[in-house]
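The chains carry the letters A, B, C and D, assigned in the order they are written, with residues numbered from 1 in each.
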Amino acid sequence: MTELTLIQGVNQALREAMKADPDVVLLGEDIGVNGGVFRATEGLLKEFGEDRVMDTPLNESGIVGTAVGMALYGLKPVAEIQFLDFIYPAFDQIVSELAKLRYRSGGQFPCHVVLRAPYGGGIKGGLYHSQSTEQLFASIPGLKVVVPSTPADAKGLLLSSIFDEDPVLFLEPKRIYRSLPGEVPDGDHRVPLGTARVAREGSDVSVFAYGAMVPVAQQACQGLDAQGIHAELIDLRSLVPLDEAALLRSVEKTGRAVIVHEAPRFCGYGAEIAALLAEKALYSLKAPVVRVTGYDTPFPYALEHLYLPSVDRVSRAIERTVRAA
Amino acid sequence: MARPSGPPRESPLSVQAVPVTSGRAPEGLTAADRKRMLRVMLLSRALDERGMTLQRQGRIGFYVPVEGQEGAQVGCAVALDPKDWLCPGYRETAVALSRGIPLRQLLSQLYGDRADLCQGRQMPNHFAFREFRFVSASSPIGTQIPHAVGLALAARLKGEKVVSVAFFGDGATSSNDFHSGMNFAGVYRAPVIFFCQNNQWAISLPRSKQTRSETLAQKAEAYGFSGLQVDGNDVEAVYAAVKEARARAIAGGGPTLIEAVTYRMGPHTTSDDPRRYRSAEELALWKSRDPVERLKETLVREHALTEEEFDQFLEAARAEVAAAIQEVEPLPPPDPGTLFDDVFARRTPQLEEQRAAFLAELPGSGGRKE
Amino acid sequence: MTELTLIQGVNQALREAMKADPDVVLLGEDIGVNGGVFRATEGLLKEFGEDRVMDTPLNESGIVGTAVGMALYGLKPVAEIQFLDFIYPAFDQIVSELAKLRYRSGGQFPCHVVLRAPYGGGIKGGLYHSQSTEQLFASIPGLKVVVPSTPADAKGLLLSSIFDEDPVLFLEPKRIYRSLPGEVPDGDHRVPLGTARVAREGSDVSVFAYGAMVPVAQQACQGLDAQGIHAELIDLRSLVPLDEAALLRSVEKTGRAVIVHEAPRFCGYGAEIAALLAEKALYSLKAPVVRVTGYDTPFPYALEHLYLPSVDRVSRAIERTVRAA
Amino acid sequence: MARPSGPPRESPLSVQAVPVTSGRAPEGLTAADRKRMLRVMLLSRALDERGMTLQRQGRIGFYVPVEGQEGAQVGCAVALDPKDWLCPGYRETAVALSRGIPLRQLLSQLYGDRADLCQGRQMPNHFAFREFRFVSASSPIGTQIPHAVGLALAARLKGEKVVSVAFFGDGATSSNDFHSGMNFAGVYRAPVIFFCQNNQWAISLPRSKQTRSETLAQKAEAYGFSGLQVDGNDVEAVYAAVKEARARAIAGGGPTLIEAVTYRMGPHTTSDDPRRYRSAEELALWKSRDPVERLKETLVREHALTEEEFDQFLEAARAEVAAAIQEVEPLPPPDPGTLFDDVFARRTPQLEEQRAAFLAELPGSGGRKE
């Protein structure tokens, strides 16, 4: 065990994977000489050389398209998209190729690529360095979507993603890249994809969150203990495949649900969680499901602090849900 | 101020002139080789004939003809090593045949039946044959181009002496992924061949309106490597160009863009009516340059082939196609349960649940699931 | 009133708009000489000339990017994307530019473009000529999303879209382009955006559908009348902005809801409808919300008929919902 | 087989050589004009000085310096008509100043305050000034390029004799939208100027690794129109190149790609540390080519400027910036309620509902909304 930040967890996972398997190669903008704009790939060019740590031209469809080709050969490419906001030039490659190659070829051409992308707000990044658009990817059959919220999960989920057989979009909550260090197991630490994490047990209400909203929700839950409200907090962490069983188990116990994410509400990922509850846990629900989310606007700059779900907003939503009916 | 690249040039021809080629058989290509190439071209043409008819008869759902482009495709495919990677579009049937992919497998894909390696998941002509390093084709234009770059880089990293080839059309040169792939290939000097079949049309858009560059080949200059134009209806010229490009790539000399100037003699697909946008004269002109006729005439002129032999080849090709159709047509469609396979390596709990509900609700499954 | 097919309704709306306003220009692949691969623009090149009916090179980001530039000038461009499946090369222009220009410039640069795209299955188009991915666009703040299901709505909603002030993605259910002709008002017929249509009144259950699923759901509802099940069918038609009031009104009346769409279920548009009900109509719900959708796989070719929601599948879902609890 | 475009060329320099320019003042540019240009360049530099400091002091959140590129930007902007449309990236502050956009408005954008025309919605340096035909800049690279084509086509359709100009960097030439925009412009002969500031770096990626083409200018050949390279640190050469391109565009001669060879002397942005990827020698070399110094020296040599005058100009620029900061800094942030405006022309019912809940929950709004 070592105390690491989340970004160090990412860096360690990449290094472990590259040491363990010569088929693991990295590519992306500014990841080599510069070590990545967030330093996720710090030191790796020196250690593994430029054939395996490739600085690319400024073109995301080239990055993903090249990674797809490498994966078709049998390599395990891990591509960095500098900010999730800049992934859209590669959207066609992701939706039309990466996610569909295995299916359309009847399993002949599996295509295992990991796309890492820092995402989310809280760094005063304005419209284009802050967005959370996980729902776009979660709705594409064939793509896994993973979001760690702790340094240990960052390492463990990334290692699992790299050695998975399917394409994975690995979203890194950049706001907590450095702010919340934690203990991380050394060596080949893996956290299985498709499993949620119970961040906190409770009996009165289930709170679902992921990424940088986990610590926000955590704080909200802690604050409510004093008022006798015992909230259970589930860190979804694997958005696809979703650990539906964990989710339903919790709501069957508590009868109430609050969903927290940074992305806008309308058609956000939280809609699927709420829909699942309306379909499969309706008779357990004692109160309306509540979503605490970004507003249905583009991501603002000056008013960012009012846009993002805060501890206060989450607390109020939990309180309201518990008091309802 | 330096290097003005000259004023824009407009071609007086609506259809590009075909460049002159040498005429002599490229090194290493015997008469026997060229006859084998001819037979593959005829097989492709015979498949086209039947494919178009099968679609009209409602026996298959769709078809994409190659007719007119067999010279470019076979010339290219034969110049490659069987281990070279092919990244095709939806119009590469003659490439597939040239690589030796069994006709039956192609037909099963056209029918989308139980023997189709793609499990009936794709429209006709969107082939995939892993065993032959013939990568799965998709419909979106241009996406296969950077894949070829990735395959080439992977092969180089693994020390394998092969190239990859991206196949695409004139229209695809406008796609984003053409730009991505070409640029990445140039930067990394990837051992890749960009094989562009300029068949003069992208559905209804003529080459002259696709881009104002005089040739498509010259687009390579933007990426710092060689581009060349070749008469795509001259199978030997294509062969020579690809051989040369392949040798350069293997030697570390980087990528090549080859523009094979050819013509789509049929409709874009069975959904298209080319009379809406192009003239009978243009078609007639290009029919006079038919690559099959051209190779036949050369071989006849060289006394390597007789008219009778040619007719026999054609009959044999037709018979082969007919036999394969007969064999494949009775095959049943894919098993319904396969719908849920290959989304991921293993079905997720959600997919299992959907599959179970689906199977329970299937007509003939023994009743409704409530 | 004239009897027209849906595609004729589209064609008529385009012609009316171009006649009424010289700022309306069309651009897209094969829309000029060829009249569009589905003939939506038949005759318009001849009538309005190639400055206003532009055949473009094969590049969707060029189409949308150029349209954005024209709109910034003050024109009203209507761009055709040949199939919705091919819109992804333009995704960056749509998400990052078209949808955000008004917001990020403080209203200085409104950007009114209409993107028309045939979408959906039922024509044996396989993976890439069949997809329904409306959820991707509905989740992007700043973009309106409209889907007609009748010839009259095709004309009326398209004219409203062209003369709206915001960017609109106009999805045309190609499966019913020609199969279901209907009466269409002549002249400048407009149907306001943001309003749902009650396709059929009923008291026992609310069925929500759009596009080519409307006639499927309609048939299912009709079939159930005999069994004494009276379903209300709401054609959502304006996915963004959604006519939430109409939706809630119906469910408050019926207490039951079935949502039908072609797209995969997970994170599909139906999730938002179900989520809204879980949030705002929980106490009215007498039975779990049910979604009848495509499966969570890419769109298949040979088994298309088993993939798409059928009259039978919708009927069974309605029955089950009405019988529940 | 024809037109091999030659073998790949590798430049021995990691940083491109600067092409020679004529040196004489272009037609129509008087000493007074050039002094005005110098003053704008100095104003930009003074703003950079303070912008970097304000960010370090936490008074603004971010800053993108222009330093080193003022010659290219001012030379270009001055050659245009005030009615020409500008499609900028995030590094076009000197273009904005050159067009006469008030310093106060730029500063309000940097602060994201209530007077910011963009309502504090964007990161610093992402300007938008409709009144000045200065289109809203965004962060994604290259997206503004096809916008310029659309604006140019729209203007032509409306019979307005103007051009549009897309501003972008060397890195942006790799973007998909560079390819789309260039190709569309060529096909439609749009009256547009593609103004590429090759500042040698795209964050940490040197120009030589961005693309293997020898010059960026030659990329125009792929689209059938003229490309030229100009010394971007020679304000007069840039002016002449843009004037010529503009005249050609207005005359119906189509687009031009101009590669202005220049250098980013500062960091990419305040988030960047260039010492991680480039040498002090390289920076020193380019400092010796500083466009401000260069223009100053020319004017002094011509006796059109004295050292004292120059110093006065610099002081005046600094004072102007300082005064504007003082004026702008006290302004409050945007009104919270504006968060929900301009998503659409009118707020939807959903946005009204969210806004009402938001305002009710605002600290100081009189309490919680339950």
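Here, a contact is a pair of C-beta atoms (placed from the backbone, for glycine too) under 8 Å apart; a residue touches a chain by one contact, two chains touch by 3 or more.
Note that this is a predicted model, so its numbers are computed, not measured.
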Most remote chain, CA-based centroid, reference being chain D: B
Pair joined by more contacting C-beta pairs (B-C or C-D): C-D
Whole-Å separation of chain centres (CA-atom averages), chain A against chain D: 35
Rounded Å distance, chain A centre to chain B centre (Cα mean): 39
Multi-partner residues of chain D (at least 2 other chains): 116, 119, 121-122, 126, 138, 140, 174, 176-177, 179-180, 183, 187, 209-211, 343, 350
Chain A residues counted as touching two or more neighbouring chains: 57, 59, 61-62, 85, 88-89, 92, 96, 100, 103-104, 127-128, 141-142, 242, 266, 296-298
Sites on chain A touched by chain C in the complex: 61, 85, 88-89, 91-92, 95-96, 99-100, 103-104, 127-128, 133, 135-136, 138-139, 141-142, 240, 242, 263-264, 266-275, 277-280, 282-283, 285, 287-291, 296-298, 325
Interface residues, chain C side, partner chain B - complex: 29-30, 32-35, 37, 55, 57-59, 61-62, 85-86, 88-89, 124-129, 265-266, 295-298, 300-303, 306-307, 313, 316, 320
List of chain D residues in touch with chain A within their complex: 61-62, 112-113, 116, 119-123, 126, 138-141, 171-172, 174-177, 202-205, 209-211, 271-272, 276-277, 333-334, 336, 338-340, 343, 350-351, 354, 358, 361-362, 368, 370
Chain B partner contacts - residues on chain A that touch it in the complex: 25, 51-52, 54, 56-57, 59, 61-62, 64-75, 77, 89, 92-93, 96-97, 100-110, 141-142, 144, 164-166, 194, 241-242, 244-245
Of chain B, residues touching chain D in the complex: 1-9, 19-22, 174, 176, 178-180, 183, 186-187, 189, 209-215, 217-231, 237, 240-241, 253-254
